[in-house]
Amino acid sequence: MKKVYESAAEALNDLLFDGMFIAAGGFGLCGIPELLLQAIKDNGARNLTFASNNAGVDDFGIGILLQSRQVKKMISSYVGENAEFMRQYLSGELEVEFNPQGTLAERMRAAGCGIPGFYTKTGVGTVIAEGKEHREFNGETYILEEGLSVDLSIVKAWKADATGNLMFRKTARNFNPLAAMCGKVCVVEVEEIVPTGSLDGDHIHLPGVYVHRIIQGTHEKRIEQRTTRAAA
Amino acid sequence: MAWDRNQMAARAALELQDGMYVNLGIGIPTLVSNFIPEGITVTLQSENGMLGTGPFPVEGDEDADLINAGKQTITELPQTSYFDSAIAFGMIRGGKIAMAILGAMEVAENGDLANWMIPGKLVKGMGGAMDLVAGVGRVVVVMDHTNKHGDSKLLTACTLPLTGKAVVDRIITNLGVLDVVEGGLKIIETADGVTEDELRAATAATIV
Amino acid sequence: MAWDRNQMAARAALELQDGMYVNLGIGIPTLVSNFIPEGITVTLQSENGMLGTGPFPVEGDEDADLINAGKQTITELPQTSYFDSAIAFGMIRGGKIAMAILGAMEVAENGDLANWMIPGKLVKGMGGAMDLVAGVGRVVVVMDHTNKHGDSKLLTACTLPLTGKAVVDRIITNLGVLDVVEGGLKIIETADGVTEDELRAATAATIV
Amino acid sequence: MKKVYESAAEALNDLLFDGMFIAAGGFGLCGIPELLLQAIKDNGARNLTFASNNAGVDDFGIGILLQSRQVKKMISSYVGENAEFMRQYLSGELEVEFNPQGTLAERMRAAGCGIPGFYTKTGVGTVIAEGKEHREFNGETYILEEGLSVDLSIVKAWKADATGNLMFRKTARNFNPLAAMCGKVCVVEVEEIVPTGSLDGDHIHLPGVYVHRIIQGTHEKRIEQRTTRAAA
């Protein structure tokens, strides 16, 4: 069962369709599937819904799909860095569903783990709780949040072997393993495909069972807020 | 006279206890890490998946894979560990993080907090703020006492959409320190050169 | 004539497809791994936290930290990964494991499965069986067609407490292969030297 | 904040009390907190409730606490290897609550993650579902299971640093990280305490925030079913 594909286009093109629901890993511009996003832009699939913590910046990340008007709806927690996003949102061209960041992460994991709903304290007493079931456990009030299943997961990892085992690097892990879990199909871009057997089984962050297709490529890995201190 | 940003951060740092795991919000709360008292070890959590955040890197050492929740490049420490966002918020929601120090737009006398949206203005999203205030052991707000029009940000009831209901434990402003208690806010201390009367006069919330 | 244990396992191995992730139960299902068809790669999951289980170790290579769900010492393969029990069952419950091949005490014609307890006898617990039958893509039961008293284990309705309701897709016994379909069980094939009449006669469940 | 203790007794004795609820890691005899279990036996605390996938064997693991009659109730998924367990269970001296294995694991994780309840398909239509809320999601029936919070977690890991960061080894990981999450206090025994900074942050399986006390000791690591094949 071959999982390694030659290019982002080869890995994605037969999977994409108009109106599909996609989960993307990444936090800000850190650990985003930049090559797969570009391939979706090149493909031209439209009316897409994205579950992604952020929406990129104007010319990088999901931002490039906003510019090309391929995105119908975003499910996100924070979208402050994107002027085109704001324009489309305020003009009503783009639907937005805000999720608390931890709720979004847990909804992805839940769907991947066969859990259709879970209770959380997050958002009780806020607009997030409106219309959701409230329930008491041990005298405290919680709301019901539902698992978030998608058609396609797009993920950025550091290393993969040919069986799909993944390692992430530092804070580029973030939403990537969770996005990987919640999709019917999961496509991953990595910096390096290493020989099967070269990853220690105890160091693998996401087992290959979650990964259907892998591509290797060169990543820009843009930095959003370059902050430094004076050398000592 | 009143506290400046650094003095507010220094005062907030006195909330820290040895061994605590703490989450610091963006803005003045981030400055708190510059004032951690001598002899106290605290571990800073960044909700994008890191325990043990270090200082900004020196120029040339920036790593695109190593950022904090404010998306700034940072460094790691010897004890740093990384994990995914579900675990990051699992430890927040599960009460494993002892304290969050956050900014705010408004705090009500019952502990309600508003810090994520202004209706009719740009809405950027709540990020991790709702999870933090719902989950951590103690919520300390650090903010200016009044807004740019001079109106109190400590209110009888919030006017803005809430981030969390009855979640704030302590408020540190440029004028002093107040706790949320039964019936309203209680003055714990006043800032250097600020009298209790001045603090009361600047506060719309009930002071008990 | 009928199939022996190895022949049943060999027949069950024909259910495997290239690239599948599969969980094998204790007993005859474990033998299936000896009969994986040429040219087909399957990855075996062990629900105690391992994907890619290898064969038993040679003597002297046993590792107390490396066991399968039957608590037997095993070995790892180049692609082996380890994870905790929540993830192990997350992938089971989430439908990431394509198939489970399990033993059974009784199977009903609607796909009900009983394989974890006999009231009044020792109750040892369901272990991971309930999660497996609820979560995996396809459940194949491998068992003797009749119990030691000669009574059919394929019934119109289970008499024992259920492990799962309407969960079985296919049953492989010493007498043949049957699928759970609308209205009852359908004979797919008979074992070597077993006639369809013999199989019908040994089956209490409705055959359609 | 000192986390490293000299002995299992020193780490446990001021935490133990009669009637307390303890979660223990391990699967069979693999990855069980054998030193901490012995210290609980030596301490003599009684009427204990244990959440643990298994109950050990007669003379090892939780079995030693059954022999000393310190256990009132077990929450487990499979307990077949223990004759004394069966004797006490059948005579009514020992309460037993069976949980499906995946439900038990998820209940521990949920409690540790601030999730008081979640829905699962596991056990629908069986005795496990009796008395539990049933709910439909997308046309399928699920039951509500609750988070499992305990007074004390006892855990076995491979390596720790002094800040409590843990690594497990192979299938000895199993329930250990989950048991660690669900307790008010978590005490861990390891084979080796390594200098802080010597564990790669990307290889840490459980961050130190979950770990309150650590001891290092020598482990028997008994094998339950020694199975081998002929050398090639």
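Going in written order, the chains are labelled A, B, C and D, and every chain counts its residues from 1.
Rule of thumb we're sticking to: contacts are C-beta pairs under 8 Å (C-beta built on N, C-alpha and C of every residue); 3 or more make two chains touch, one makes a residue touch a chain.
Because the structure is a prediction, the values reported are computed rather than measured.
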Please give the intersection of the contact partners of chain B with those of chain D.
-> A
Tally the contacting C-beta pairs at the A-C interface and at the A-B interface, and name the larger one.
-> A-B
Can you give the whole-Å distance between the Cα centres of chain A and chain D?
-> 33
Take the average of all CA coordinates in chain B, do the same for chain C, and state the distance between these two points in whole angstrom.
-> 54
Between chain C and chain A, distance of the C-alpha-averaged centres to the nearest whole Å = 35
Distance between chain centroids, defined by C-alpha means - chain A, chain B (Å) = 28
For chain C, residue numbers touching 2 or more other chains are 50, 76, 82-83, 86, 89-90, 92-93, 134-135
Residue ranges of chain A touching at least 2 other chains are 106, 109, 113-115, 120-121, 168-170, 173, 201-202, 205
What chain-chain pairs meet the touch criterion?
-> A-B, A-C, A-D, B-D, C-D
Listed in rising order, chain C residues that touch chain A in their complex are 18-19, 21, 41, 43, 45, 50-52, 76, 78-83, 86-87, 89-97, 134-135
Touching residues (chain side chain D, partner chain C) in the complex = 27-31, 53, 76-81, 86, 89-90, 96, 98, 100-106, 108-109, 120-128, 158, 168-178, 205, 221-232
Chain A residues touching chain C in their complex are 1, 109, 111-115, 161, 163, 165, 181, 196-197, 201-202, 204, 207-210
Touching chain D in the complex: which residues of chain C?
-> 46-50, 55-59, 61-68, 70-74, 76, 82-86, 88-90, 92-93, 112, 122-131, 134-135, 161-166
Which residues of chain A touch chain D in their complex?
-> 106, 110, 113-121, 135, 137-138, 140, 142, 146-147, 167-170, 173, 201-203, 205
